[in-house]
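Pasting a structure here, questions to come.
For clarity, chains are labelled A, B, C and D in written order, and residue numbers in each chain start from 1.
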């Protein structure tokens, strides 16, 4: 499988650089006859779109998606769906001064060392701009899930920690998520973040974040032991997002300090269905979905583009200092919420197709 | 790619159940002419082998590996290497009483729900016994790394936390790792764990653990952006190990509370080579190795087999209680150390071959 | 995908050399709960088995297959099925004299040139002995087809030409196929071949053959345009069999001399079902099965092991002559019949699973 | 691997329908730093372009290719190369009358039966228009071959039979190929074809053809036994081209009537290099290139769009007659020559990368 293809049966192949003419992807493997138009994809892109608040990069991209193939008279045909988003507000000249210097924490050095050539404008292929195509592909995955799972699947996410400030989970309210520029489910913490991030932004600094994405109404049985486990693929999906350094499922690292008694979710029956009495497992046992909520958290490191001068080296092997100009997010984790949701939806839809192949479909 | 194949160019296809006649794997894609015999693989299996201390399962398996193909006159031929380990001490009758009950925290329920059939003896395919073949495949990966990277690559691991007790990193000493039954790099903490685990074992309980695996002398440039990133594949590799619930690279979740200034590793020159002044990145930027140590940590949940009765349900939909008999590890994380090392070695070797394909080899 | 794995969702990974301890394969992706035991596989292996008539190699191999995993209480579990066949009658010493000489028409030279190392005993990995595992995997594919297609699918084959002697298709009788040692569907031609092949054998020479394999009752719709077309995968499947040099579907090369009017199969209705009035297409249009018989023919070149001295070169770059000893088939095409059937069955079963994934299942 | 991706390490993912806004592909896996611009691709597209003589479809498409990613300052970056060709002269209304009728010999029926939905305009995804992206991808493959094989690789093709009229191989002259509208290497036969095809065209009929594609200066050693054999992948590559019904390598079907003595290519030494005294093998033994010319032939069936009324059925299950309007090639095989060349180049380049991965590079 090629390096820029994600997924096995439902798969997307991404392409494009931050400052090239466009970015896009080809989504292959969709079932036919799903209603699909740009208006099914655009709202998800709008959520990820830069420039919508002072807490994200001021690059202004309409991120208008175009479907170039695979849809006929408003329905998927079962053939590859080509999606394209043109780049409009790319200011390449911001990058000229630093073209020969490796920005610490960025992929500049490793791209150059590996390929011997690098599109330095805005990070090129390594730019978080690439994640827009994930969100577009994720929108199609949501259509697949809703078409094939009776009752549909809900996939949503939230920001649960910014720098040192975690939310209070007791105040979790999904309706709050769309009311603040952080996708924060805890209104009080959202206010705190606003102040905190204003400080970070004004200092020309940056901070990290933790994102939690959740899938509800997932059928029991998704996942392919032992190397195509649902959690293994989710871990790869999240870790492949720019700046992500950690992933956990359910209790995650916190499970280490639990006893076996406290960690293993007990089961009862509830109207003929299995009922778990807790969800330490995050909805996955043995790499297969349990029917409980799938709960995935991932950590995004602080944005590496900062205004404080940092020591670095140049392409030519000289020592130097660098200040990263360009328009950036003080907390790139904010915009990672819709990306994480999209990846969760995509992995589930891909696993669903594989489940259909080996086992058959769900429901009536 | 099939569900039981791991890797792309260097790949192994695993097979076998805990209580079947044997387990094994087929390793495909190895370069030819590497010296290889059972004695290159057996020592690594012996490290993972059960029954070597009172802190691991008392199942006594010699875990003797046999090479059935792909080696001629002591050298790899470039053709698939079939490895087989016979099961000897499988006590299936331990599992008869509980055959119809779903053990909480185990894959019993999900396997049954997905497949409608389940080899209940010792967990069948979901048993941690499967990880022996990973260790065997990892031994071949080590040979590949050492053959293709001038100077070789060192891959090793340690247990860094058991239950609530983390090591003191200031006391880290790699030579300590082989001196205690926990692969603990901190001699003092190892003593503490001994007492702690004796308590856990006697209580019929269990606890979790954190493993850290490290690869040293990895060449710059391994990793395939953007969906075959080195860290994404490592995340999948570790998360696919039984009972793993979290994975992090470098600073991991701790990066969230750092500032951008503190997190981005600065660079200097050192005798014509790039020198990083810290390693928050864990040796990976933009999905590509930086040449620094690759540092991966993962969390193993508490063993789900415990002696305290737990509420559960049966295959037939009745509520019941269960006490898990059988011979188990009070802290299954201990034996995950060699497994994590093997997976790290395997991902690196596979990425190395892909790097050779696209870019070429590493210097003479 | 690794070089020794065939198939995408239903896949087998083969291993083993002609004169090693055993050969085998791992079949992954089978649906669960199919009844399966060695007795489902052994009869197909017995058909391919060497030493059953004077027209095939005198190597005596019982070719006894053992299932090592993936089956529990007589049913598939959905997990990998490991199959092993031990080699018993390998006479490696037959090959010692020629170890340093490249046998014309064999893979000796190319294997050595590519890998720099070669198991010269009996062709090693390049031996037709490898095809036994294809037949075993094909037996499982037949079970999958019969389980998932209402009414089942019939896959069978015949030898239709030996050297210059083609059958008379007007005399085609499937019941004749099992009555002669050639799988010949034309009793009269079978007699002719007997004389002809006795002559070839006594002359220490060899001849080629054409095999036709047919699948009946295949559902409409199998095949994945445009690079996973059913015919494209069948072409690869047959061409990957040892000594095969040509593959055609339906009218094949003969379609070239037809007019468009004669070649395009017209359609009528028959009791509410589409009826094709001919089958020039060989049951495949646009890479998708039409519901008609799938008809594939392939050509096997004359066995390269012959008793006439031939000019060749040695490993060391010296010119030499060679007479190929060892026990061989004068017409290796004969034993290719069950292999071609197996590959046809396997491709169909794999495509069937992919169809289920994207489109859904067949029938009530 | 998804159905619209071809290749393993060098891979292209195709998209687009005959009458949609555009067609294109994403080429992934290219080595970095290859000089590449549209002018490297356009000439190959121009060779395949429709409307260049009265013997091919009169649809007028400039087939102008645009590179959207993966190239920076004139060189490949190692990241995905997105290619797009806009459709300009699509006359969808030609297809309206027949929208509900299945054209015999076309994929109409099978697409509808499989997907339940079909873009009927010009064949949609099943149109030969798709092959333009193969030619574009093939142009990149040629760059890869020339960059990685010292001295470069020559890939070219010719039409060797039209209907019943085969060329005289004694008159084969590569310089003739570009002098006639048929890519015919035999000037006399080209004249004969001109008359013959005028007759076919005027009669509203069609005929088949045989294409031969040849790769010269291919290094020894390309191919991955046993299921990734070079010939197996070439067979799949050619059979996946629209209307192809047969593929052969070297002597192909003609090998069947040869004796083992005549078929096996003998070897001598020539200035320290192995010299084959004939090339019945078509440059491939055991699935690996021998260093001789790779010779592949494939048969294209007569164009199914003809002016004679043919019996068919409709989507609704009624019997009917059909005359295929639209602009078509009387012998679609003519334009298959550059497509076959492209597929040959692509398979070789992909195998070359896999060879580099497992074995290493070629040359100094």
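Quick notes on this one:
The rule is simple: contacts are C-beta pairs under 8 Å (C-beta built on N, C-alpha and C of every residue); 3 or more make two chains touch, one makes a residue touch a chain.
Note that the structure is predicted; figures quoted are calculated from it, not measured.
When chain centres are defined as mean Cα coordinates, A lies farthest from chain C. Interface comparison, A-C against B-C: more C-beta pairs in contact at B-C.
Work out the mean CA point of chain B and of chain C, and you get 39 Å between them. Centre-to-centre, using mean CA coordinates, chain C is 26 Å away from chain D.
Per-chain Cα centroids separate chain A from chain C by 45 Å. Multi-chain contact residues of chain D, defined as those touching 2 or more other chains: 1, 3-5, 8-9, 14, 29, 32, 78-79, 114-115, 125, 225, 354, 359. The touching residues of chain B, when paired with chain A in their complex, are 1, 3-6, 8, 14, 102-107, 109-111, 113-115, 125-126, 130, 161, 163-164, 200, 205-210, 220-221, 223-229, 231-240, 244-253, 255-269, 272, 274, 277, 280-282, 285-291, 299-306, 308, 310-313, 317-319, 333, 354-355, 359.
Touching chain A in their complex are the following residues of chain D: 1-5, 7-9, 11, 13-17, 20-24, 26, 28-29, 32-33, 68-70, 72, 75-82, 84, 114-119, 124-125. Residues 1, 9, 29-32, 78-79, 225, 353-354, 356-361 of chain D are the ones touching chain B in the complex.
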